[in-house]
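The following pair of complexes shares a single chain, chain A, combined with chain B in the former and chain C in the latter.
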Partner chain A sequence: MSSVAQQSAVAPARAQRAETAPHGRYALPKGALLVAPAAIFLLACFVVPIAQMVGYSLTAHMDQGIAVPGLTTENYARLFRSNLYWVVLTRTLRIAAITSVICIPIAYPLAYVMARGSAFWSRLVMFTVISPLLVLVVVRAYGWKLILAKQGFLSWLLQNLGIAQAPPTLLYTEWAVIIASAHVFLPFLVLPVASAIGKIDLGVEDAARTLGADWRAVFWRVTVPLSLPGLAVGVTLVFSLTAASYVTPQILGGNFAAMLGTLVQQQVLSVNDWPFGAALATVLLIVTLVVNLVMLRLFERRFARWAGRGEAR
Partner chain B sequence: MNMIAPGSHRMAAVALGLSALSKTYGAAAVVDGVDLNVEPGQLISLLGPSGCGKTTTLRMIAGLITPTAGAIHFGDRNVTGIPVHHRNVGVLFQNYALFPHMTVAGNVAFGLEMRSRDRRRNRALVDDALAMVQLTRFADRYPHELSGGQQQRVALARALAIEPQILLLDEPFAALDRKLREEMQIQIKDLQRRIGITTVMVTHDQEEALTMSDQIAVMNNGRIEQYAAPGEVYDRPATRFVAQFIGVSNLFEGEVAERRQHDSVVRTASGVLMTARETGNRARVTLCLRPEAIRIAPAAVGAEPGVDSALGTVSRIVQRGSITEYHLRLACGDTLIACRPSGESDGLTVGLRVIASWASERIHLLV
Partner chain C sequence: MNPEAPRIPFALALCCTLLSAAILAPMMIPIAVSISDSMFVSFPPRGFTLKWYGQVLADREFQTTFLFSFKLALLVTALTVLLGVPCAIGLTRFRFPGRSLIFALILSPIVFPVLVTGVALLQFASRLGSNDSFLQLLAGHTVICLPYLVRTVSGALLLVVPSTEDAARTLGAGQFTTFRRITLPQIRGGILAGCVFAFITSFDDYAMAMWLADARHFTLPLQIHVFIERSFDPSVAAISALMVAFSLALLLVVERALGLKMQRIVAG
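Entry: the complex of A and B
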């Protein structure tokens, strides 16, 4: 499930790139050939399974442990009937949104150093940011568990600094999931933003400075607006990945911060209710897709004209 | 050449002063003790080949690079330690460096907004600046929707809208095609003269420097080789480098063969005899002769070269548009370049034996 959602997250970025491809007279047949392997792979491993999943959710429902075949919307109706599913869905979206927002201020300085720093600093930041991806997700989650536990490092630190009186409860809350998600998905924001900053002409920042802008004004009025395309891609990635994550919320959130992924797993593996699990996964997919499209559309509208895209000259 | 622009009130004051300005990176001195004074309202050029330190000098004036040593004064004010955003300089960058995410009006307004929040006043100033470069109709366009020449005018309006103390032009015409370049050179020169703003331009194009500048500083290896008016730089180059960099020069090394009352006769290494003045008591000198100072005529049989003339053969004829260059191979093996207006070839063809001669006052002694 997680891998499926990850691919759906990458799709908008890919679509964006395709738009900028050259439209030469001979571009189509040659381009189609180049795209073919990826297209076939996606069709077989992504489009077909998703269609299958949506199909499951619409062609059967479980009635007291027995599968009843036949075209039905019962699975979705059930989803909307129960308050529990709404709570989990909104929680999933909330955690994904907060994680994305938290990542932004952390990502910018890192991206800036990566794009503009010396080779040494650039590589150091790159490695540091990517390192969580090199660790197995389960190991990483248990690592955070040790840090966030009541007798853990963070609790000890907060108490000794006098910030918290009693050992604070972090583990098995939404915040545990948010912190761990931000940690691991940060590179997906840093890398596109760094790439966007790297593309900004240094002369443009120099020009702003000669016109009287101090570093703050340069950052807010020039660097940030010009890196928005990278930010748009990064935020949609972090949002989608967080919304679709399963292991991290399972280990760090437990039943107190269960996310949609957990619910799907329960339905499919524990309750053995595949149709309902498929319905939940479909809802997650659609919601993530809609949020991403809306977000990209908002960004796109802001930078379509000055980037010379969308509108014809 | 207009030496003193209106608005300067013929003051001998200094609008921009560089003293012993240096920039070193490690052991390499990119700019090495540059001294330069610019009078108010003048347009001066820093002219030199790439890597001569001209752009670094410009960026130090702007405040974008911190000098290793030396001082920069705007009028009486020492600005050496003042950060770029407080210096009040207008810079026209080589690739214009327009803000791609802002409209033309937004670009021009940027500098004004950094200075004042008075929106109405800023808008009026933006309108003025755009009217000045005739781009009022394009206020709501984005930079990429404009042509190269229009983009440059936006950049100019943006730089001038803040009423800078000094205007800096960094290779401003490099990205334009030839026709547009000549047009923009005239436009910018006119505008600069009308506003009377002290301007420093960086260029590697000697023609551009000669056309636009009141004074030219020829730079080489981080130093200024000569700082003088264009005519002076062309007619009386101070050094061998200047003579070779600006225009085409025939250079002769020679020994003083005979000292006379007002001048001396120099015998060049290749045996040509030339008149030179003010040789002082030097024994070896370098003489410079511009191609347009040389007359050429078919040589009569048995002609003998005297002082200030030489025999040779036309080895190549190069059309340069309004002038034609004649490369002469002298009997002694040297090459001499002469030129004359195109259409006055007088039957000169490759392989013809000719006699080249020149007036002694056109010979310039290099220091």
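Entry: the complex of A and C
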């Protein structure tokens, strides 16, 4: 390379231009070469294992402790046959849905202040929203355990404020899992919403105000609709992450709020029923992918309409 | 942030303060509990002692798993950079057939649940007859860290002013020299942001390690979960407090030494 560069300074530079330009014709070998290590790595350690797992769930099932090969839908039929698995599946979807919904009203004030507040408030909220991400999830779940336990912080607080004499214990219920999941995944909703609100032209809000809208109308009819793309991304993330969480429900729900992840763990590591475990994991994967596709498609289309209208103005 | 920003109404400020307190509470309560001089965890803490910290810091399991997770996270970060930076350059600077497909491939581990990727890797490794837990953890964590680094580095590459690269070339700099002297300084922030994210993701991971770790390669989050299930005294609270302090130190290092905004790291 350097010897070529020494022959003529200008000619190779022009040739490189062709390569670095996005439409370069000579770019094939070098670009593909740069991408190849990462692509091959992901193919070997991600695509093939996932494909094999999905295949495994369809080509084997356990019969009295022995894996029987052969094309089968037995693993999936079992999921629908047994009441236990059905209960766990619906509980997983319910907890993920409630968590996502609860996060929305919590995220909006924080995101709004982060995007629109003074430097002081913006920095303060940003710090409190982001700092939990640096703390281990296990540690955060343990923190909630100390808060929600029978002799925990919350019951102490409620008793001393005189709100409740014998407050109900939330630990080891679905609500404990929901509260902790909302806390763990809240930043994934606040950040996209804040970024979406930050992108709204201040002039649009001013225009609405000038035309006589009070702050409530501005918020509901300007800020919220224009921040929907951020909301869609955030809610999808919170839902997927909650549905696939394992350790938070394990610490806060115990055996009373087992979710799909717990079921996969039991089938694979305790019962050793790998084909059924693979089927459960595949179901979890499909749920996540469908939610992602549907949500993003839905909002992309709606947002395209809004954006189009915005440009026409 | 914005000079012409409207003033925050009092109610909104109050609301944000309360929410912030609730967000920080689960990280503060363990600190209060950890100094309690009682055999069982309860609130409010009784007495004052630092013995739980002494006990935890002397704990062999805590020491070994902390060091193991730290080393693993460093190696994962290095491998992620080695694979991710060239990949980001290839994706943003060159056009070749299948480019968008590869871009989708690189980003897809973000969408796939880590728990599912982990169990798939376990079954794959077992079919290959591999029982090298360390290698599996390294590969598994790199799979989940790679997309974030490629995203931050690609984002930084797109912000590089192309004419600076062209100028260097015209002045006779080779391709590598141009990258080292012109491009690299401009994408340094993106690479560092990706590194911090990769380190934290690997260090914090539970859903992948629960499948791939074995007794000799046990990670810190798994060990802390074992502590939580096993003991009811404030020693676990002391571990939590230590981990919060560790995170704060990490935050300070990132903000001060590297001059990075945390928002950039998370938002990508």
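Assume the second predicted complex is superposed on the first by the 250 of 313 C-alpha atoms of A that agree within 3 Å, B and C clash if a C-alpha of one lies under 4 Å from a C-alpha of the other, contacts with A are read in each partner's own complex, and residues count from 1 in each chain.
Simple rule for what comes next: a contact is a pair of C-beta atoms (placed from the backbone, for glycine too) under 8 Å apart; a residue touches a chain by one contact, two chains touch by 3 or more.
Everything quoted here is computed from the prediction, not taken from an experiment.
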item: Which of chain B and chain C A:Val47 touches, first, second, both or neither; value: second
item: Contacts of A:Ile66 with chain B and chain C, given as first, second, both or neither; value: neither
item: Contacts of A:Ala213 with chain B and chain C, given as first, second, both or neither; value: first
item: First (chain B), second (chain C), both or neither touched by A:Arg221; value: first
item: Comparison of chain B and chain C by chain A residues contacted; value: C
item: Partner chain(s) touched by A:Val204 [first = chain B, second = chain C, both, neither]; value: first
item: Touched partner set for A:Ala166, first chain B, second chain C, both or neither; value: neither
item: Chain B versus chain C as contact partner of A:Arg140, first or second or both or neither; value: second
item: In the complex, chain A residues that touch chain B; value: 201, 203-204, 206-214, 217, 221-222, 225-226, 303, 305-308, 313
item: Of chain A, residues touching chain C in the complex; value: 1-2, 5-6, 9-10, 12-13, 16-17, 19-20, 22-24, 27-28, 30-35, 37-39, 41-43, 45-50, 52-53, 56, 106, 109-110, 112-113, 115-119, 121-122, 124-126, 128-140, 142-147, 149, 151-153, 156, 180, 183, 186-187, 191-192, 195, 198, 202, 215, 240-241, 243-247, 250-251, 261, 264-265, 268-269, 274, 277-278, 281-282, 284-285, 288-289, 292
item: Chain A contact footprint on chain C (complex, rising order); value: 1-2, 4-9, 12-13, 15-16, 19-20, 22-27, 29-30, 33, 41-44, 82-84, 86-87, 89-91, 93-97, 99, 102, 105-106, 108-109, 111-117, 119-124, 127, 139-140, 142-143, 146, 150, 162, 165-166, 169-176, 200, 203-204, 206-207, 210-211, 220-221, 224-225, 228, 236-237, 239-240, 243-244, 247-248, 250-251, 262-263, 266-267
item: In the complex, chain B residues that touch chain A; value: 62-64, 83-91, 93-95, 97-102, 110-111, 114-115, 142-145, 158-159, 162
